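When the chains are written out, they are named A, B, C and D in that same order, and each has its own residue count from 1.
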Amino acid sequence: MSFNTFGRVFRFSTWGESHGPALGAVVDGCPPGIALSEDDIQPWLDKRRPGTSRFTTQRQEPDRVRILSGVFEGRTTGTPISLMIENIDQRSKDYSEVAQAYRPGHADYAYEMKYGFRDYRGGGRSSARETAARVAAGSVARKLMSDVRIRAYLVELGGDQIDRALFDDTQIDNNPFFCPDAHAAVRWETLVDDARKRGSSLGAVIECVAEGVPPGWGAPLYAKLDSELAAAMMSINAVKGVEIGDGFHAARLTGETNADAMRPGNDGKPVFLANHAGGVAGGISTGQPVVVRVALKPTSSILTPVETIDRDGVAAEIMTKGRHDPCVGIRAAPVVEAMMALVLADQKLLHRAQTGK
Amino acid sequence: MSFNTFGRVFRFSTWGESHGPALGAVVDGCPPGIALSEDDIQPWLDKRRPGTSRFTTQRQEPDRVRILSGVFEGRTTGTPISLMIENIDQRSKDYSEVAQAYRPGHADYAYEMKYGFRDYRGGGRSSARETAARVAAGSVARKLMSDVRIRAYLVELGGDQIDRALFDDTQIDNNPFFCPDAHAAVRWETLVDDARKRGSSLGAVIECVAEGVPPGWGAPLYAKLDSELAAAMMSINAVKGVEIGDGFHAARLTGETNADAMRPGNDGKPVFLANHAGGVAGGISTGQPVVVRVALKPTSSILTPVETIDRDGVAAEIMTKGRHDPCVGIRAAPVVEAMMALVLADQKLLHRAQTGK
Amino acid sequence: MSFNTFGRVFRFSTWGESHGPALGAVVDGCPPGIALSEDDIQPWLDKRRPGTSRFTTQRQEPDRVRILSGVFEGRTTGTPISLMIENIDQRSKDYSEVAQAYRPGHADYAYEMKYGFRDYRGGGRSSARETAARVAAGSVARKLMSDVRIRAYLVELGGDQIDRALFDDTQIDNNPFFCPDAHAAVRWETLVDDARKRGSSLGAVIECVAEGVPPGWGAPLYAKLDSELAAAMMSINAVKGVEIGDGFHAARLTGETNADAMRPGNDGKPVFLANHAGGVAGGISTGQPVVVRVALKPTSSILTPVETIDRDGVAAEIMTKGRHDPCVGIRAAPVVEAMMALVLADQKLLHRAQTGK
Amino acid sequence: MSFNTFGRVFRFSTWGESHGPALGAVVDGCPPGIALSEDDIQPWLDKRRPGTSRFTTQRQEPDRVRILSGVFEGRTTGTPISLMIENIDQRSKDYSEVAQAYRPGHADYAYEMKYGFRDYRGGGRSSARETAARVAAGSVARKLMSDVRIRAYLVELGGDQIDRALFDDTQIDNNPFFCPDAHAAVRWETLVDDARKRGSSLGAVIECVAEGVPPGWGAPLYAKLDSELAAAMMSINAVKGVEIGDGFHAARLTGETNADAMRPGNDGKPVFLANHAGGVAGGISTGQPVVVRVALKPTSSILTPVETIDRDGVAAEIMTKGRHDPCVGIRAAPVVEAMMALVLADQKLLHRAQTGK
């Protein structure tokens, strides 16, 4: 069953396909009176926009967003905000091969088993172009939380990790990889170039940190802050794993090393001596930075032929021509940020609903 | 905001605390006419039941389930199924220390920041006793899918991994660790004994495999099968990471090694040459086994003192007396199975809703 | 599909059948820190309790409520509140006739077409005993809104209307009919006695007024305050019509007579010169009293034989023996109040979520 | 809180305002493989379109719908269907009066109390132009139920009822009032003309009948078919009352007259001797026609001055210039049909989810 709405009170619904005339998001539940214009949204879309370096797809999409409703005299009215982005560069090409055989790693086979047929042009609805709508919606979410700073960056590309000792926040926007380690960024240029030339692709790990989240957002057990984040991140194309705080590494700690000890702080707030928990305990924010890591598989669209079958069940080989990101993980960083913002904005309003705070 | 209902059409709501009179689940949306009695539910509860070995908490709870509604003449009526489990062994003890100071690793501080106060007896609502309700609900979900076989087992405990070459499905129920590697199970006895004696605790990684899931369950992008599983698993106490298929390892593969190549099968169905995807592509099941792995942090309740602050913000030390699992990951295996069953049952009905299949 | 949860952020789920061991409600989303005990709930249940006069069913149910979770040291914790009421007086009787043939006016035939079989004992899930759970949940909702006063009363019984000129609020609890007109109450005694003696039954119209609702609760178009009220009221057994404010009569007014003119008030708030709108404009409360009227059909369980068919499609006659209300509309008044409270409490929290007010 | 999504598995979300660039609906949960083009939608929009007779507003809107997603090669893909209608004739005018004072009968005051300000151009989001989006979505819903025939018509206008003895289905589309009684249609011409000339407006009662609904759609108690219909109808602008079957009249019947007696039919299905229930018993369809009646208040926008206050609380008078329907109830008939279709399509899929039928 198709459920393209995400969130509980601050919600967004997305629509659109890779090769349709447009795609969009409807943001519902936004508080009234918030200053909002296309200029608040466009910069975030530009960060995710394709074709900005040789390390991403060469599809040229300006990704200009239009606000079609929900804003009056520069402020949100409290009613649905419709955001639309036109598709410009849907290159006409021959899709007969993709239409007839299933691309391993793609959703082709699963889609066809579910729906009986599929929109094979550029992946249809399963295309990562849909994430532009998330980024647009996420930029509205950010406007609700001026005290929260959200940052996503790659900590690993093609198996090559950053050196945490070289972490430099200011580097993230200085290279085409959202990489906080300048040395790693240089190595990754070679990695991605090589993969692209080989007709191969690479995976990545993105870390996202939200600072300024007050203690108390979230809920116990179900609709936990971490559970909502996990659902949000796993809903992004190509994501295969999600960690909160130390994540899988926490399973190797002992109870006493994993405990984030607390000390009295100068401002009446506690000082935590560590953040193994990633800012979430029992499903509720602790006031520490919220830390999420997501693993993205390598782009499934590759120029290397792979064994498959066609729609008649006959053995075939297939490679995916066209313009593709050699590493979808790169452009996913702004998308991960957007999903973090969308979950947090929803949680902020839910917390206010229950507690009045 | 408190949302203790999980699922979209096959749903369950849980209620109850560690030290209240009872806990329970209300299962709603169950198809009518399914044979169901307490005998279908009790065996699954018994697998999760505390006090069955020296490696789990010594709290003695019979965990007897009662069906209070929704079943008539041995069959489900299609109306809500109320399941109740009484708490028997809530030992009266002195909670004044826990009431006054925050236990690091626990939700104490976050709860109090959210709600202004908290039920400190045994963790209140955040106690893992709540998972009994999930297991009860999950046993109803299993009845909807007689063709699906779900199995969860520990692949790592305290950082010590099983040897995949020694994997033996029949071993899982032969040791107190749901461990499929008989040699690892022996090593883990020592590990857990040592941790318990030191007043420490250990984490674990659980793998859960669902076989027999047909292709087509799930949805693209939002409410993806993997997104729903991620939310479900991350909602379990102490879980800090979730992987589908190769998970974080997939980020280190190339596009061609990650692709699950397909060949024609004898029965008209394709044969997949690998299952890196963990049975889910584009959010939809492929017909391969659905594979999930979850990381559980070490039990936060430990006898080792940890630095903290009290409710007045004054520096303190705290240790958690009482009866606790030295590794919550062990008894979480039946809970992971239950959540897998609950997600799949919901997806089965959703798929039927949209496609009639 | 069975959906026994009502509300969006302040929600309740009910379970239980007429002849099961118990019935109950789980209230989720309640703010923390609200004083709550069984003594807050029992008085409302007592108003709806059967067997208190000769004008209601003679089934003897004490309807004692127990709080099983969600309250600690006399205050709500913010987690699910489980409320349970045991069934005591499920009289064993011969249901073979009801089991074999469909009672017109009842859900027997529709249930069986949907589910393939049905719990025929006292109507099973469709019994009005379920409304006890609503009343229990509603009494929690009332605790969230100390400024709101909710009152339901019968304005018509068996086609006999009250005289609005004789409306006396203090009379409502002075007769067994929740009737604000003392003269009508006397007439209704005869009406109901006669109907009971004839083996017949009567319908009723209930009016419910909520005073003290501030302007601003609700939403435009969907999830409108009036739309939520309509769904809530129509979900009560035997309800066949719902009106807001002037309701159907408004269709006979002109635009200028229907307009609730406004004048400046002494306290800065406007004075409305009329309340045709029933306190709701564009789906949002205006600050005037919220006025709802609901029509209840006559009790379907009657001692008069009615033509029907049996499960084999053969012509039959059926009458419903047993203990029944000659007018279900009477005891529905506390249920209508409860549903009003539940909708308003949800809207209060939703309004707070979006606007912070 | 803004919730502009309606439905449970077959859902639609609408967006847009009276004077924005466009409005639209996103239909989610539609089964795949259904033939769908603009030509399936446009005829229904044309029925609701303004400016087609002197009895409706003179605003000229072509209401051309575009399908922006979810359809591939003429068939639905199972993913979100985005429908957009551009606003063409938003006449520029002076709104300063409406901006400064509250129009009684309108949502102006309630909106401003909720949101702090409002889009005053043509009612903004609360404009009945939004119903075009519902009609577009409803036309998709119809495609799911080829066996169901839905018809809405006016049974009363300005207090003048049709003569049921003159009911003629073929007349409904032969006059500008969706009136099944040719004589009444003639009278209504005069009524509406007079009201328009006086600067007044009239209310109406619409009846909607769905034939061909099989027994079994719906659910007991909550999410009842009638409860969902009540919410759907009450969400339409200007609706103040909803009845199912005999509705308020049922409250005046006795149990035996209200019972819809059943007799064996020739085709194995029962024959009902009456339909007081309006095709719904216990929340579930009986197989009889589903009958709903809705009351619409007179248009609030009138040229007659009404007493009010301005935003500063000062006494004022206001009249609403501009182009308005003298009776919004007329053009609401296609909207009521659309909401009936949307509820039924959702219920069809929900029934299939739970029972496989």
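What we mean here is this: contacts are C-beta pairs under 8 Å (C-beta built on N, C-alpha and C of every residue); 3 or more make two chains touch, one makes a residue touch a chain.
What you see is a predicted model; the values in this text were computed from it and never measured.
Peer 1: Quick check for the class: compute each chain's Cα centroid; which one is farthest from the centroid of chain C?
Peer 2: Between chain C and the rest, the longest centre separation is with A.
Peer 1: B-D or B-C: which has the larger count of contacting C-beta pairs?
Peer 2: The greater number of contacts lies at B-C.
Peer 1: At what distance in angstrom does the C-alpha mean of chain C lie from that of chain B?
Peer 2: Chain centroid spacing, chain B to chain C, equals 39 Å.
Peer 1: Quick check: how many Å separate the C-alpha centres of chain C and chain D?
Peer 2: Result: the chain centres lie 26 Å from each other.
Peer 1: Please work out the Cα centroid separation of chain B and chain D, and write it as a whole number of Å.
Peer 2: Inter-chain centre distance comes to 46 Å.
Peer 1: Which chain B residues sit where two or more other chains touch them?
Peer 2: In chain B, 1-5, 8-9, 14, 29-30, 32, 78-79, 114-116, 125, 220, 350, 353-355 touch at least two other chains.
Peer 1: What part of chain D is in contact with chain B in the complex they form?
Peer 2: It is residues 8-9, 29-32, 78-79, 220, 349-350, 352-356 of chain D that touch chain B.
Peer 1: Sort out for me which residues of chain B touch chain A in the complex.
Peer 2: Within the complex, chain B contacts chain A at residues 1-6, 8-9, 14, 102, 104-111, 113-116, 125-126, 130, 156, 158-159, 195, 200-205, 214-224, 226-235, 237, 240-248, 250-256, 258-264, 268, 270, 273, 276-278, 280-287, 295-302, 304, 306-309, 313-315, 329, 350-351, 353-355.
Peer 1: Quick check: in the complex, which residue numbers of chain D touch chain A?
Peer 2: Chain D reaches chain A through residues 1-5, 9, 11, 13-17, 20-24, 26, 28-30, 32-33, 66, 68-70, 72, 75, 77-82, 114-119, 121, 124-125.
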